[in-house]
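Below, each structure is written out as structure tokens.
Next come two complexes, and both contain chain A; in the first it sits with chain B, in the second with chain C.
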Partner chain A sequence: MNALTQNAEAFPGSALEMLRLHGEESFQSLGLPSKKQESWRFTPLNRLGDLDAPLPQTGSPRLEGLLIPEAHRLVFSNGRLNERLSNIEALPSGCRISSILEIAQDPEAEEIIGDLLPPQTGAFQALNSARFDHGALIVLEAGTRLEGPIHLIHHCDTEEAALYPRNLIMLKARAEATIIEHFVSTGPMIRMPLAELHLGAGADLHFLRLQDEADKARHLGFVAIALERDSKAEFLSLALGADLFRLELETTLRSRGAEASLSGLHLGRGAAHGEHLVRVEHQAPDCSSHQLFRSILSDSSRGVFTGRIVVAPGAQGTDANQSSKSLLLSDRAVAFNNPQLEIDADDVRCTHGSTVGELDEEALFYLRARGIGKEEARALLMLAFAGEVLQSIGVEDLKTRLEERLIRRFHGATAR
Partner chain B sequence: MNSTAILEEFANRDYEHGFVTDVEQDRFPPGLDESVIRALSAIKKEPEWLLEWRLAAYRRWQQQQEPEWAKVDYEPVDYQSISYYAAPKTNSLESLDEVDPEILKTYEKLGIPLDEQKILAGVAVDAVFDSVSVATTYKEKLGEAGIIFCSFSEAVQEHPELIRRFLGSVVPPGDNFFATLNSAVFSDGSFVYVPKGVRCPMELSTYFRINASNTGQFERTLIVADEGAYVSYLEGCTAPQRDENQLHAAVVELVALKGATIKYSTVQNWYPGDKETGAGGIYNFVTKRGLCEEKASISWTQVETGSAITWKYPSVVLKGDDSIGEFYSVALTSGRQQADTGSKMIHIGRNTRSTIISKGISAGRGQNTYRGQVKILPKAANARNFSQCDSMLIGSDCGAHTFPYIDVRNPTARMEHEATTSKIGEDQIFYCNQRGLSTEDAVSMIVNGFCKEVFRKLPMEFAVEAQKLLGVSLEGSVG
Partner chain C sequence: MLEIRNLHASIGDTEILKGINLSIGDGEIHAVMGPNGSGKSTLASVLAGKEDYRVTEGEILYQGNNLLDLDAETRAREGLFLAFQYPVEIPGVGNSYFLKAALNAIRKHRGETELDAFDFLQLVKEKMKLVQMDESLLKRAVNEGFSGGEKKRNEIFHMAVLEPRMAILDETDSGLDIDALRIVSDGVNALRSPERSFLVITHYQRLLDHIVPDFVHVLKDGRIVRSGGRELALELEAEGYEDLHDRDGLRVAAGA
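Up next is the complex of A and B:
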């Protein structure tokens, strides 16, 4: 508790201070969630571990193989901004990237921080609000088109740590950007990142969230996206590691013509638990949303997908679809799929589809009949299954690297 | 006349079955405690074990919480203001002639005159009037085949060994809040036993009607199909129009032993409450579940057009290898109705198969929710499920919601779920108008087409009734 109060004192009188106090209060009154709550019934909260672990020592991150040459880069190492490894010199005017802790210099951003995921929405959102101490503030002024992606790297190389990063991203009218957020760790730390993404009218955002934590790590993420008129968001979540992974993704289509494409791929192995919890709310007419989620589960891993489409009264002309598929590679793997529709307008087109099964024996036979080895054939089919999601990655170099990595992993996963 | 006007006219149509029958009643004062259960059990001359069973359920119920997870909104039920037993005064009936003519008239109004039915369709009817089964037709004919079809109370007296063996074997007494309450206070219901290898020669049917005000109806149905047997069972429900809400908390248990088949069809048309204010109407909180042994099959078909609140999830536990579960449903909510309904398929055995086809139609200010679960357990190798949940919205003030839960623990299982939401398009209506169909006919045709897959599963007479019902409930709400 003392550490928290100190945090609040570090920013006297600021919006951040208010947010922290509010966060602390909400966390105290909400308490930790329990399995009795509908949205937490699948999550093994007993694996959470120590939420109060102190800020670790400065790390010495090894970034070989992670870097994207043309990217504007911020590197956070063990919860601190590492300016030496970061590189944001080539930014055009109209684009500002800074540490979230410097938000006081941007009154407009200060005004809206916490709007999309206010502390009272949940215990962990509250906890993040109370404790966040690193993360990025990205603002693109109206009409700014950013060449090259922004690459946010969150690296952690200690065993015990509890990290609370937070991003606030604002794309004003017609701004365009590609952002890659990359979480890498080497030990059983816990990370609870929160991000708020605001898209102004006609803005266009590609966001890739790459969760590549250590197999023993725990990662509970919260992302909210708000879309104004005719804006477009493409959001992709890749979950490759962690023993406990959960991402809550909240998307609100606020004004006519907005479009959101959300996709996710979760690879589970060992006894890992992975969960995508998606909520898309159509508040305005003539918006469209697409959801595409896949999970590949081996060993005794568990995959959960809960996706809800909400169509508010008056949101006529809504076009919303959702597809979730799980591939079970082992007798002990478990898939839970909960596609949900909540519709209060009549002129809508909403569909969802969901399947669970193992690799298609006929497809496997087809490949083997053409001289492809069993393991190779299985890996190919898995890559094809994952490929639907991967194809939306716009950064070619990164896509190739990821595909190569997945192929290697699928080869390993085929041994039952 | 434009389509909105037509719709309005239809929507304003009154509930046809909203009359009250004037019959002398034997009833308990409102309230529930152990003495009520003892008195109830005494009236029915029940054996000691059944009384204990009820009391155990009652004690359990006191510990339970009323579920709140369903997407329905209603005034809380005061369980102490309900009378837990109401029976027409005339008792112990030997033949149809002894049935109170008022009651028979009620059935006539409902369109199921008992004596006519004898000649007509060959449907045996066990009619439940409030809580007591008043007449059972066709008993003798069924007796020849060794089939037992009687009221539940009668079965307790005549076939205690069967009741004791199967009662609570599918829906245990503490299963959920409403089922537990039912276990404590169930008044009557139907019992069916079809012996080994017998194919029941006719469709069996119960017709429920809640007549008295301030009463709850807690019927309990138990159907057992022994090895290789076949039975098709129909259930229809109506209730008079009253301003206060009435509770209907039934339990239906189906047991399909090795190789047996049970088809259970429901047409539910309880009073839905006032169209504008939502006052009155039935709270339909029902637990229905079937258990399939090896190679057995159970099929639920339901057409739900009535009730203010529907809370109902007919389920099948696919315990035996190669067993089959099916669920076909049409649920319509108009006016202020709310329905939270769906199915649960629990795959335990190998090569088990299940199908869920659910059609939800929302009109007026109705709220229609599909909530279902498909669970494939680790031993259920090669299990197969196909689920399809379609919703149709009519008007801009209604809601359609879908909450399926899919839980797969075996990699050889194949599970598919699809859902769509749509409305009747103006282009579709226009197309029909162009070809000389009135808007009204066009709507009716489109809705019937939408529900066709389910209606096909209903027995003939029921299918016709269901189509009519749907027509009546819908008309006036299409725009």
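Up next is the complex of A and C:
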């Protein structure tokens, strides 16, 4: 597993070095965002904590119940690649997976790192650019179809840590892959991951982003997807933990015929804040985008969904839809759903719908009147609410595990 | 089986049931008829344990126990079944998954082993034949997008699978075509047994040609105003409820 060796120092003047410098400068000039900025209006940034916590001790991750047997796997533990727990031996030719720190060996990747989310786009994108020190570089050559999913596990088992992982993923023309990125932690660490996903013409990517952080953790993520002609991305964000969670998802349909399906499920409990901030930009004609976001909020948790659809002039034949729904399990829980449309073309089909509601009492009674206990009936209705989003998980075994997990969690979510 | 004594029930400040007396013996079929808004569905809901209704007076004994002490699910597990006048659509919950969960909750309550997927499927196939229900309805979400008649058939199908002791059918005949009506009635008749009782709410004497009741009661303005044998249904069909009230103007405490 020599390719995984991560101690290769970046050469001065290398792309990485430049990105870091640029990141540092941008962060200094931008400063931390404030609530006055429209897109940070809802986020309780005071919960962010120490962004400078030092790299923690080497961890001893417990991965039971997390592993997917048939997957190609990279495991990062407390911000370091763990080669012993990783397994990428069965990769076909045409598919390379390595530490992001090895990027100098791939000039093409080096060329485009930072293109989708350059440091000047925001303080935290800049911070990640300055500080990232682990993550995956995944490249699929044209026409490569990967059997079995790629599983990236980010595990953290220390209390105090500030982690800056970064992925660069390139699917060249007609390449196909399923990638699962899995964040797991046990304490109140802060994680600020950034990922750039490039889809070449006709490429097909399934990406499941599973945020399963500790309830006290903070997680601010940034993902950008760029789609070329006739490519297809199915992106799903499951947010199960963290006291402060926010994911900015930026999708650009760059060329005719591209299609992006973006979905998300956020479960909030305690006083947690969770936020999906989605922006889809139709730059070319005849592209389609679908957004399906759900949140289930108990106790005094808060869920925010902001979904912006931008249709550029000339993007005729655009088909864009968006649906956001929140289920409130407590009268102290709050949901904000903000659809935003910016349409500069005339031949456009664009629909959006947003609802905030409670569990359907009639349905609850119907289930109970057939003998199903109140708790179980509630859990069933919650799972049904989440179901639309979970449906798109292609890895059956993982889907079943997640459903069972959610059912158990829903059983514990009490009404008030 | 079921003994309702002086039952008063309200929703908010409005009293809807105003002193119902009704006694249903083992194996009996009772029909309840009455004008729209008279409280028939309210009675059914109170029996099934809907918490929106407040029982202000009276009591209900079910198999000798106080029914009002039990929550809705316990009543169902004890063998009480309500076929809803308006079956609820539940997107995202599979009809089959739901029915299996219900059946196993009931079996568990009775101290029986839970059915596995295979045995459940066998049982379900047999019962589907009974009500001639299309298998595709089993795979869909509970009642979602079902036609009116399909919903009613689904209710009877649930009943056939769950095998209740006391079944309440709230206007299960409404919205059924003639063939469906016969199929549903045949389904009910097939379940008739000395241990199983029925309370059949209907507007139409036609249903009672198929499901022959032992007793017919007329509910009006929250009270049972008249009780009799099956011939009462014919009389109502001919004369309507207005006449009935004008002529009798009395309250009859019903009972077998």
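Quick note on the criterion: the second predicted complex is superposed on the first by the 403 of 416 C-alpha atoms of A that agree within 3 Å, B and C clash if a C-alpha of one lies under 4 Å from a C-alpha of the other, contacts with A are read in each partner's own complex, and residues count from 1 in each chain.
Just so it is clear, a contact is a pair of C-beta atoms (placed from the backbone, for glycine too) under 8 Å apart; a residue touches a chain by one contact, two chains touch by 3 or more.
Treat the numbers as computed from the prediction; the structure is a model and nothing was measured.
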First (chain B), second (chain C), both or neither touched by A:Glu358: first
Contacts of A:Ser330 with chain B and chain C, given as first, second, both or neither: first
Chain B versus chain C as contact partner of A:Ala271, first or second or both or neither: neither
Partner chain in contact with A:Gln316 - chain B first, chain C second, else both or neither: first
First (chain B), second (chain C), both or neither touched by A:Leu67: neither
Partner chain in contact with A:Val348 - chain B first, chain C second, else both or neither: first
Comparing the two partners chain B and chain C, which touches a greater set of residues in chain A: B
First, second, both or neither for A:Phe385, with chain B first and chain C second: second
Chain C-contacting residues of chain A that also contact chain B: none
Footprint of chain A on chain C - complex, ascending: 48-51, 71-73, 75-77, 81-82, 84, 87-93, 98-99, 101-103, 105-106, 109, 141-142, 158, 162
Interfacial residue positions of chain A with respect to chain C in the complex: 360, 362-363, 365-374, 376-377, 380-381, 383-385, 387-388
Chain A-touching residues of chain B, taken from the complex the two chains share: 69, 376, 378, 391, 393-423
For the chain A and chain B complex, residues of the former touching the latter: 38, 313-314, 316, 326, 328-358
